[in-house]
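Chain IDs A, B, C and D follow the sequence of writing; residue 1 opens each chain.
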Amino acid sequence: MLLTSDARGVYPIAPTPFFDDGSLDLSSIDRLTDFYLQIGATGITVLGQLGEAPKLEYEESLNVATRMIRRADTLPVVVGVTAPGFAAMRALTREVMDRGAAGVMIAPPNTLRTDDQIVTFYRQAVEAIGADVPFVIQDYPLTFSVQMSPGVIRRVIEESPSCVMLKHEDWPGLDKISTLRAWERAGELRHVAILTGNNGLFLDYEMERGADGANTGYAFPDMLCDVVRLSTAGEREAAHDLFDAHLPLLRYEQQPGVGLAVRKYLLMRRGLLSSAAQRKPSAAMSAATRAEVEHLLGRLAEHDPRAVLAP
Amino acid sequence: MLLTSDARGVYPIAPTPFFDDGSLDLSSIDRLTDFYLQIGATGITVLGQLGEAPKLEYEESLNVATRMIRRADTLPVVVGVTAPGFAAMRALTREVMDRGAAGVMIAPPNTLRTDDQIVTFYRQAVEAIGADVPFVIQDYPLTFSVQMSPGVIRRVIEESPSCVMLKHEDWPGLDKISTLRAWERAGELRHVAILTGNNGLFLDYEMERGADGANTGYAFPDMLCDVVRLSTAGEREAAHDLFDAHLPLLRYEQQPGVGLAVRKYLLMRRGLLSSAAQRKPSAAMSAATRAEVEHLLGRLAEHDPRAVLAP
Amino acid sequence: MLLTSDARGVYPIAPTPFFDDGSLDLSSIDRLTDFYLQIGATGITVLGQLGEAPKLEYEESLNVATRMIRRADTLPVVVGVTAPGFAAMRALTREVMDRGAAGVMIAPPNTLRTDDQIVTFYRQAVEAIGADVPFVIQDYPLTFSVQMSPGVIRRVIEESPSCVMLKHEDWPGLDKISTLRAWERAGELRHVAILTGNNGLFLDYEMERGADGANTGYAFPDMLCDVVRLSTAGEREAAHDLFDAHLPLLRYEQQPGVGLAVRKYLLMRRGLLSSAAQRKPSAAMSAATRAEVEHLLGRLAEHDPRAVLAP
Amino acid sequence: MLLTSDARGVYPIAPTPFFDDGSLDLSSIDRLTDFYLQIGATGITVLGQLGEAPKLEYEESLNVATRMIRRADTLPVVVGVTAPGFAAMRALTREVMDRGAAGVMIAPPNTLRTDDQIVTFYRQAVEAIGADVPFVIQDYPLTFSVQMSPGVIRRVIEESPSCVMLKHEDWPGLDKISTLRAWERAGELRHVAILTGNNGLFLDYEMERGADGANTGYAFPDMLCDVVRLSTAGEREAAHDLFDAHLPLLRYEQQPGVGLAVRKYLLMRRGLLSSAAQRKPSAAMSAATRAEVEHLLGRLAEHDPRAVLAP
């Protein structure tokens, strides 16, 4: 089951669960995976940046990916293989594809600047992992400091038939989606899936611009599934109503650094993680932050019963 | 009337109004100023980054500042004097202080990295403008790429008695406010005003952390005034209700680049600017963006009558 | 006398001379200008980055440029007009062109990343200054953090007939010269002058790659003139011998920050500046640095009598 | 044999030798190691940035380090363990220390900005690798974009007794050495070894400022050994004479990107590597570059017989 450019719906970015002592919590992986299946996710992405991938040893990375691939069963699992060099990228790709991954996600190193540097990087990445492995471009300048113009993304898509999806999280990014889709409609560019990230901060309008869904880690991925479904079904105002109800919390979770602590705390509060622990380096939640998150949950619960959580 | 560390309330960041041909629109400055007075703003900041200050000639900068200072009458006007060098910073400071400015705002050059570099910069800035001129630190890493730890801000405050206010727009930044206020409560650091920016994206909780108000340019500064008032009066949930109603639009306007186009468009729709024109370089609003803004306005109008605007 | 793409030889980057109290030292400008004329410079660039241009007030900038333009008489003077916005860039350009400047030099703002952003910037700069004003691209990623691929430079040249020169100071940059010259030989790109900067650190081989000369501020511009002359005349080893004799000192002066202090000190030691003072912010020379510079001068004096200076 | 703060002399940065097909060339590792022993190196650093460490798979990294540790016998071998996360850093550290490494070298991730962030990073790194493992701070802002003030380095040294050496390659950096040594002389800071990098571009004066030697990869490490020896012996002018003879080539090799290609080419020309191959991403040497290197070699050969190489 390989990832194709027909991907759509919601691919949650799975966090990597740890116990308080920092060891891997595999049963929470199972619980998360079952939850994603149950809420109607159409795929899963594991070992992303916010999955704390760089904090894992190599064998741990394999364990996490494998556990999720097996448990997800019918769902395609995309594995983040971003690495400081192509040898490590290739090694991890080969292992996870052998174990049933649907494809891999590749972010650019934060030293890239010019258009040519970016295009060359993806060309060499494809040489490294093999042209038979479907891959996802991660376009996240806020985190990676690499700015890809629409024209650069187009060049990568044109060069590499194995590029099947764009994880779009540029900010601002709405017009970028429109530009890519316009080229597609004009027959100038083949279709790739566009799933959006950045914690879903603009998912409401991204869907209307031509995105195929979401690929992000907000702690209520069930809301993301609903918004994508409602938007696709043309129930525009209902989609916005639900989205807007979550926006105060979603915005809070979207903060860099502390955002991951908030996300893991929320997933623990929802019973999906047994601990909110992160490995270092990590931003801790202050008592004030925790109180604010609970306050946001309380306000959200007035609109969405899924936010009604036992204390 | 000089700015002091007792500043509080809302100091809107005033945009610089242009006609469609790029020339200065002075009557819109008057209209804006009158509006700020009417909604209960407690001060105004002019020639900020989003006031397109770098796009003005020197004489134009003086004209804009002077016009607003005179019209604002009883309101303190802070003038952004950030410049590529200290000579230009001193010249503009001297001129606007002579004309009645309450103080100046200074952002760091985006080449600063280490703590010592930042502290040295503000020391030299004070030498340049004179120790008698009250100044505001602008802490906006998203735009200026300069990261100031709480300890660095403390060092600047301790070194410079003329530092009276922090324009806080770090992201994430809530714990930074708490840290500074904790030092203050412990008697380790004198009080300075903290007014928050970043389009007000976290104003709801910033007030609860100890901010004294807002210092930003969101196109509904009247909402900012209400939220600050409600929060100060202890009407917490009412403050959040109003804030949350605006959040979808506020988030949209907070986008870098296109955000200023959205803001000026909204101010024009509210009858405050005669044109939404910017000087180059500027991000234009696409038709899709305009439609989204109107959609957001329509949805906001259900909660806040100030968003009911004639087409 | 306008700058054209036939420019060649050495255009020293003139420092801005100050007295110890920070005021402009106009008689040192005259002395420098006379010196440049005497050593065979073919032009002068004033108000560059290392000319401390950002530290001047507007009127001072005009004074410095005008003084040099008038004194230089037969030599074309290029004026750096880099500014935080196009309005200031246009204003300064108009003034200096009226006063007889041969053209202007424009560096990109350090926020530019993608190819399109760079090309758009130069297009808008040309709109601002007018298509009739010859201009120089300054390609100096080490200082400005903007990386221009050869393809981007080509696009700017193709779009703007008024682009007549590249101040090339990329590092590494030899192959970039070769690429541009190869396009030119193949008839794909019109000729522009390429004069090289970065303190001349690779002038020896840049000449052999196709550069037309030097456009930098090394304190022995007479050496630069000789190397360009020898290299052009085919006296390769003589050019290298002279260059290599200066390389230890040249490398020392090429350091960021302290380098300008070294340069001004050397020009003072040569009797061209009456003071080595800089305006703030500036890196001071430590006693150890001064001793090292004198040591380097002493060693250079064994190879080049121009380095024999009275104590 | 653990690294201590008494380290001095020359620790060449060993390149990682590959065959033309990209596989590891272990016999060249042996040849290099024997050469380092023979020329009087006092230690070796392996798996540095220019050792192409990020391009190796984990097992390969271990193989390279182990091979060199065993062959070096009496020489301390420092292993670069910089990794995107602490888990991988700890894993590699444990393995190489078990196999006889003398210590490890740690560079900061290029996202660090504030003083506190840098100090926290090294604190967490020490927690990860264990306080019993001697480590080297790599201070190389040109490559890593992290600027460490002398005060930050002092804080790391004070916090971590296992910090025994500074690989100093800031630029400019001479006054930084002087500042650290002044603190040491004043009894305010304990002694750590300072060995300098950046291809040795300022080794001549770094020795005079208080450096203990060199820790860099220039293709003539035998020259580095001689300069350190002469400088330590007080033969100042002889040290400079030898250094200056190499400076034209050394400067050429110091270029980012293409510099590593030049270095490997030179080491191949000297018979130490069987191939100049790099793994991707890599900058290739153009024909013009190769000709320039040969020209530089030819000119150097007139001063240093070690540069007389069979074609």
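Convention: a contact is a pair of C-beta atoms (placed from the backbone, for glycine too) under 8 Å apart; a residue touches a chain by one contact, two chains touch by 3 or more.
Keep in mind that what you see is a predicted model, and the values were worked out from it rather than measured.
J.: When the contacting C-beta pairs are counted for B-D and for C-D, which pair yields the higher total?
T.: Spelling it out, more C-beta pairs touch across C-D than across the other pair.
J.: Based on the averaged CA atom positions, which chain is farthest from chain C?
T.: A
J.: Averaged over CA atoms, how far is the centre of chain B from the centre of chain C? Could you give it in whole Å?
T.: 38
J.: When the C-alpha atoms of chain B and chain D are each averaged to a single point, how far apart are the two points in Å?
T.: About 47 Å, centre to centre.
J.: Could you please state the distance in Å, as a whole number, between where the Cα atoms of chain C are centred and where those of chain D are centred?
T.: Spacing between the chain centres: roughly 33 Å.
J.: Could you pull out the residues of chain C that touch at least 2 other chains?
T.: Within chain C, no residue contacts more than one other chain.
J.: Quick check on the complex: what are the chain D residues that touch chain C?
T.: Per the touch definition, chain D meets chain C at residues 171-172, 174-175, 178, 201-202, 204-205, 208-209, 237, 240, 243-244, 247-248, 251-252, 255-259, 286, 288-289, 292, 299.
J.: What residues on chain B touch chain D, complex-wise?
T.: Within the complex, chain B touches chain D at residues 113-117, 147-149, 151-152.
J.: Please name which positions on chain B make contact with chain C in the complex.
T.: Residue list for chain B touching chain C: 52, 54-58, 60, 83-88, 91, 110-111, 120-121, 124, 127-128, 279-281.
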